[in-house]
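Presented below is the structure to which this report refers.
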Amino acid sequence: MENNSTAIQLSIFISSTDKKGITVLYEDIVFEAKKAGLSGATVLKGMLGYGASSIIHSYKFWELAEKLPTVIQLIDEEEKILKFFESIRPTLESMRYGCLVTTQQVNVLLYKSGQKRMFDL
Amino acid sequence: MENNSTAIQLSIFISSTDKKGITVLYEDIVFEAKKAGLSGATVLKGMLGYGASSIIHSYKFWELAEKLPTVIQLIDEEEKILKFFESIRPTLESMRYGCLVTTQQVNVLLYKSGQKRMFDL
Amino acid sequence: MENNSTAIQLSIFISSTDKKGITVLYEDIVFEAKKAGLSGATVLKGMLGYGASSIIHSYKFWELAEKLPTVIQLIDEEEKILKFFESIRPTLESMRYGCLVTTQQVNVLLYKSGQKRMFDL
């Protein structure tokens, strides 16, 4: 991504307990995004909410289930974002409790690539 | 909401300690959103910030007050979102410490309704 | 900001451990935003993610480092937002591990200024 360019923010709304096989889904998506070379990913966990299954989940009961609304935000050029979305679409469509995926256009004011460290995961 | 349609994201910035009567405001809004049939809601709690009252709240003192900036995000069709906003507007306008409500347009790439469970709240 | 006006949301993606001198960077930015008179700021900490340095950070190891993706969201009129961004740009460009700054247009449905309290920070 270039400074002063247009990019796409992809937001994936799932539950913190959604799984792909035995892997936590949001972890899987972040690792896949990194493999696909996307510029970055941020996973935000909500403290209350409900999604496509209309069940309200609350932080108050996290000790029991920790089932909380979770948003994964990914920002990159449109082509890369849409290609990545198509690659994870089958997984998202197979989720039992529903999900929501949105995009919105953003302007990149500054994108500064960092120095890699010795023990990069 | 349909796949590949346009929707509106409503963001409500309040404090985690705002109340409507004896109910926590963000809980009230989430339950009202569900009653209104909105597709989903996510409550994100910040760890530092300030709002319309210009008082900085920090997670560092959460044991004392847990007064933290809180964002409620709701996504649905424009008409439903605006109708819902008008229904909670009087409550928001009566808040003592101010609030901010914004909308932005998003594209829905995927909206998958989930299977309901036996003990739906 | 006026009700029913257009504003800009500035999103600054950094790490929770980024520092400006001995100050935590996200704290510094929030205090600078308040000094600049911006209407509000919200700092959201992610639980997993990676940024421009492509190192994945997880909440699972927070006891060791608490190095987590962090988003600072600021909303105000375009002119104020861009002026503020220029004032913190040198700091962001000097960060070793990279960062991402985006803007997007939002509509302000309601901005209610709060009553100040006696012990305003």
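When the chains are written out, they are named A, B and C in that same order, and each has its own residue count from 1.
FYI, contacts are C-beta pairs under 8 Å (C-beta built on N, C-alpha and C of every residue); 3 or more make two chains touch, one makes a residue touch a chain.
Computed from a predicted structure; not experimentally measured.
Participant: I want to confirm something about chain B and chain C. Since they are copies of the same sequence, is their interface symmetric in residue numbering (over half shared, so same) or not (under half, so different)?
Facilitator: Mostly different residues: under half of the interface numbers shared.
Participant: How many degrees of rotation bring the Cα atoms of chain A onto the matching Cα atoms of chain C, given to the nearest 5?
Facilitator: Rounded to 5 degrees, the superposing rotation is 120 degrees.
Participant: Between chain B and chain C, what is the gap in Å from one C-alpha centre to the other?
Facilitator: Using C-alpha averages as centres, the distance is 20 Å.
Participant: Residues touching two or more other chains, restricted to chain C: which are they?
Facilitator: 44, 104
Participant: In the complex, go through chain A and note every residue touching chain B.
Facilitator: That would be residues 10-11, 13, 44, 46-56, 69, 71, 85, 89, 92-93, 95-104 of chain A.
Participant: Within the complex, which stretch of chain C touches chain B?
Facilitator: Residues 1, 7, 9, 26-27, 30-31, 34, 39-45, 73, 75, 104-117, 120-121.
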